[in-house]
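So, here's a batch of structures to check.
Next come two complexes, and both contain chain A; in the first it sits with chain B, in the second with chain C.
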Partner chain A sequence: MNLAYRNCKGKPVRTTILILLTALLSLAVCGGTLLVSGLQKGLGSLEARLGADIMVVPYEAKTKSNLESIVLQGNPGYFYMDKSRFEKIAGLDGIGQISAQFYLASTSSGCCSIPVQIIGFDPATDFTVTPWLKRSFTGNLEDGDIIVGNDLNAFPGDTLTFYGIDCHVAAKLDKTGTYYDSAVFTNIGTIQKLIRSSLDRGMNDFSRIDPEKVVSAVLINAAEGYSPEEVMNDINIHVKKVKAVQTKEMISGISSSLKGTSDVIGVLIGAVWFLGLIILLLAYSISVGGRKREFAVLRMIGASQGKLASVIMQEAMLCGILGALAGTGISLLGMMTFRTAIGEAIGLPFLLPDALQTALLALFSLAAVLLTGTAAAAFSAYRISRIDTALILRGDNG
Partner chain B sequence: MKKPTITDMILLILSLALCIGVKLVFHACGMKDDGSYMTCHWAEQAVFAVSTGLAVTAVFRLFLDRKSKAGAALAMSTTAAVTALIPGVCIRLCMMETMRCHAVMRPAVIILCVLLAVTGIVDFVLCRKED
Partner chain C sequence: MNLTARNVSKEFPRKTGSSNCFTALQPLDLTLEAGKLTIVTGRSGSGKSTLLNLFGGLLKPTAGTILAGDTDLYALSDRELSVFRNSHIGMIPQGQTAIYSLTVLENVLLPLRLYGKPEQQDENRARSLLERLDIAALADCCPSELSGGELRRMAIARALLPQPEILLADEPTADLDEENTEIVFRLMKQTAGEGCAVMLVTHETCAKAYADELYTMQNGKLAGGIKK
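Up next is the complex of A and B:
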């Protein structure tokens, strides 16, 4: 090992290039794998969060892009329909669970420089938000209480002001990787007050609504024996001025785009890996080719063929470990700190794996890169172990 | 002036990257409509001020002897570690973590400061070894 270490130290340029190549390979493998897992976990979280078979919204919110941007991506917005429609839907056949939600977008001046989506729900009937809230909050949501998403820089005990109404932060949600992270949740009483205040201040486009007589969306789970499609069609036929959509259909667009992105990244990781293998193979081959005399001298002074191969393998291991550690470290640091910016840039649900999974992925990429580097060096080690010492020292490189 | 080592150059480049970058590349959120600034702007200003000091120290180091260089490297390392705490810990940033100050400025400052701190320690160890 001492000889390999001295060889590496004696040729700093060669060693630096080999370490850099391995680091780049490791950066691509570890970063790419984390990116793909983050996208997959984000979609899983979104699917789990939707929780309802059908969503019913007012007809004016029917355009898919508008609805998707508000419901799936969390772009702040709001729409309302008469509460009588909720009651009519509740009376239809095939309705298993049903709950209403209320949406309101805060103004930029309220708590921060950009608007946030405020979501009101009925804790008594809700079956989509409560399961998520239970992870962080087990108490009762009183009037004036709010629960903030993980991306909001507010903590339990803080007070946030929306439309001139002070709201007390009761809890903070765990990270979900979806728009829940930048939303604020509250009960019906509070959101009705907020809607009323937004109307009084002339900050709401729906100037003629009565907050106590409207809902924004109705979430439904089909009863046993009924298919969601059946129930959706029934609502679209029998209830006027509303649009029922299946939530799974809503995420199909995201799902396919995510699959496409994951596939492209997967192919890129494979291509980088393959290229890395070829480049490392060439690098070791050129490096060892230029050191034939050095190895021939070593053979002359008694080093066995196995010893020569072992020196090359040890050099490769040294450079590989340093490069792989540097690449994996930089990639982990970059992915962890820039996770929000990456998620925003991709525009898809993005949730990094937990610490244990991340550590396992990092170990996997470390092992994979080390194996690639060692495999690339093994070929050169095999070649050098078979050199004809006499020919080399006579000046014929054969 | 002795020929600068690789760590001298890395310290200088990283300090300049932090100093220039925090103003031009990974700056905090912009001005509000009413012309006022959010608190993240003051975090940016603080990082700029401290990183200017780091960059000047990195230039001065090039003219110092080994012992003084080791001391300056250690000081730069400590300052960089503290600078990493300015955005978010010493000075609060905006409310939403999706905003520029959280998503871009803070990660970039942390990464550059960690690299500066590690390089500073490596340089300190190398300087001491030479002595």
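Up next is the complex of A and C:
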């Protein structure tokens, strides 16, 4: 018989309330921490996915704000510029790595299986997509092959149709937490065919282009000894009808919104934690205060101050462990299940940390909540261990 | 083991009134002798329970010493005093004193569980005490199912179980009928007869018949000491 356990079992309502309070606190701390961590990891993932110092797009794309909409928010869209501009840029000083990308948006009409952003890249020169594509796909991307983002309901071996052309799903990417999760990747040959077909069907806004003579964007890494800003300015001065932007600037908006969101969540976690501490403090105070006579009896039969305090601390640990485990479990389950919906609702890149980091965060939350619960109980334990036993036990006949 | 009070007094601070303290117990000397039943009577507020709590190590005297054998109770640390109380002193306080999450039997066995593990013979003895107090059938019940009188008897069984050398009882028959009152007094007398120093604070006039020593408390002063 453990007295603390029996006390908890003997008062199910009191115990349930304490467990629920701890679970709510744990849910807020663990869920909030995972949310902030997921947002930070999402931004990190987005930075890594952009993978270039500078992005050059047709001037209209920048002015129409298409660029951020497509590249950062993942809204299907496309724009093109003459391939000669790519060659001109490549000839400028300070260009380290350079590669072109091609964009096309599929539609929800009968010609396409799903409406997605299709990104074409040149495997020979690409340095932004290939490095992380390799994590999921190590083969050669043949003509007609596509690689699908993690959120898309398609799997290796499936066939998806875009503008009437059947494409073979060669691989499915790992989760990135960015718009890449809902995009499709393919090589230049395939995307040129798709663009041609969209033109033939009159389903492309750029009706006069020749798919083999255009690119959508040029991605650049500055050569050693050159600053990205210097190279960007050089491109903007020397190449007409294009806009070079630093990717760092592109994500600065997201970065500041993320910081704002993270700060708000951080403050909320702090507020919930503080509120939880106060509520637990009151709950333990009421729970222990209501049993003063029982504790006086324990003192009378020989329980030391330390033993009395340990009974209360054991009760708090029992409720704390159960509550913290329940809260952490629910928040982990909720985050895993609704991670995509959460990212969409917040409108920011969202990527849950890997299993080890998640486990560490969950452990941290567990420890923080347990510490909070025991700290709240410790106050009551200290007070009750110093009760005036004689005063409580004496009646009116003394 | 004798329990001796030497020049013991107790004052409580008081916020109102002409004096800033209230003397609950005037300086007194008293010895509870092993093997004797000492009965203290007196009006409400006369200081009986204060004296009992002082003897029980629950209330530090303002002056004087209390010796259990050769041990000065209030010179001990909290843990030492608690362990001493657990192993040498049985107390039956006023009012209901059950731990409501435990059964009646578990309540009775509780003093033995604080610093050890009761054995089968302890449980047998607990059941035997409950039998003598006529509540054996309630051993596995929750305290909330018991009447006031039954709870009092449970508290008596709990105090007697560790076979204390000193037994301090504060109105142990307050909620009991005449028949059970007699049973309890006989049990107290028998406990004293087995070598325990028993102090009984009571209003019951019939208790005097069992007393080896009889005292009366009035306004914090102890009078009497009539040996029977």
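Going forward, the second predicted complex is superposed on the first by the 385 of 398 C-alpha atoms of A that agree within 3 Å, B and C clash if a C-alpha of one lies under 4 Å from a C-alpha of the other, contacts with A are read in each partner's own complex, and residues count from 1 in each chain.
The definition used in the following text is that a residue touches a chain if its C-beta (ideal position, glycine included) is under 8 Å from a C-beta of that chain, and two chains touch if they have at least 3 such contacts.
Remember, predicted model here, so these are calculated numbers, not experimental data.
Put the two structures on top of each other at chain A: do chain B and chain C fit, or clash?
Fit.
One more residue to check, A:11. First (chain B), second (chain C), both or neither?
The second partner, chain C, only.
Mind telling me which of the two, chain B or chain C, contacts the most residues of chain A?
The partner that reaches more residues of chain A in the superposed model: C.
Would you check which partner chain A:341 touches, where first means chain B only, second means chain C only, and both and neither mean what they say?
Once the two structures are laid over each other on A, A:341 reaches chain B alone.
So in the superposed three-chain picture, is A:150 touching just chain B, just chain C, both, or none of them (first/second/both/neither)?
A:150 contacts chain B only, not chain C.
Under the stated touch criterion, which partner chain does A:184 make contact with: chain B (first), chain C (second), both, or neither?
Neither partner.
Under the stated touch criterion, which partner chain does A:171 make contact with: chain B (first), chain C (second), both, or neither?
It touches nothing on chain B or chain C.
Go through the superposed model and pick first if A:306 touches only chain B, second if only chain C, both, or neither.
A:306 sits against chain C, while chain B stays out of touch.
Using the superposition on chain A described above, determine whether A:116 touches chain B (first), chain C (second), both, or neither.
The answer is first: A:116 touches chain B but not chain C.
On the overlay, how many Å separate the closest CA atoms of chain B and chain C?
Chain B and chain C, overlaid via chain A, are at closest 17 Å apart by C-alpha.
Which parts of chain A are in contact with chain B and also with chain C?
Shared contact residues on chain A (touching chain B in one complex, chain C in the other): none at all.
Mind listing the chain A positions that touch chain B in their complex?
108, 111-114, 116, 150-154, 181-182, 333-334, 337-338, 340-341, 344
Could you please specify the touching residues of chain B with respect to chain A in the complex?
The contact residues of chain B facing chain A are 29, 32-33, 38, 92-99, 102-104, 106-107, 110-111, 114.
Hey, which residues of chain A end up touching chain C in the complex?
Counting only chain A, the residues touching chain C are 1, 3, 6-7, 9-11, 293-294, 297-307, 389-390, 393-398.
Note which residues of chain C are touching chain A in the complex, please.
Residues of chain C touching chain A: 24, 44-50, 53, 56, 58-59, 78-79, 82-83, 85-87, 91, 93-102, 106, 110-111, 113-115, 158, 170-171, 201, 203.
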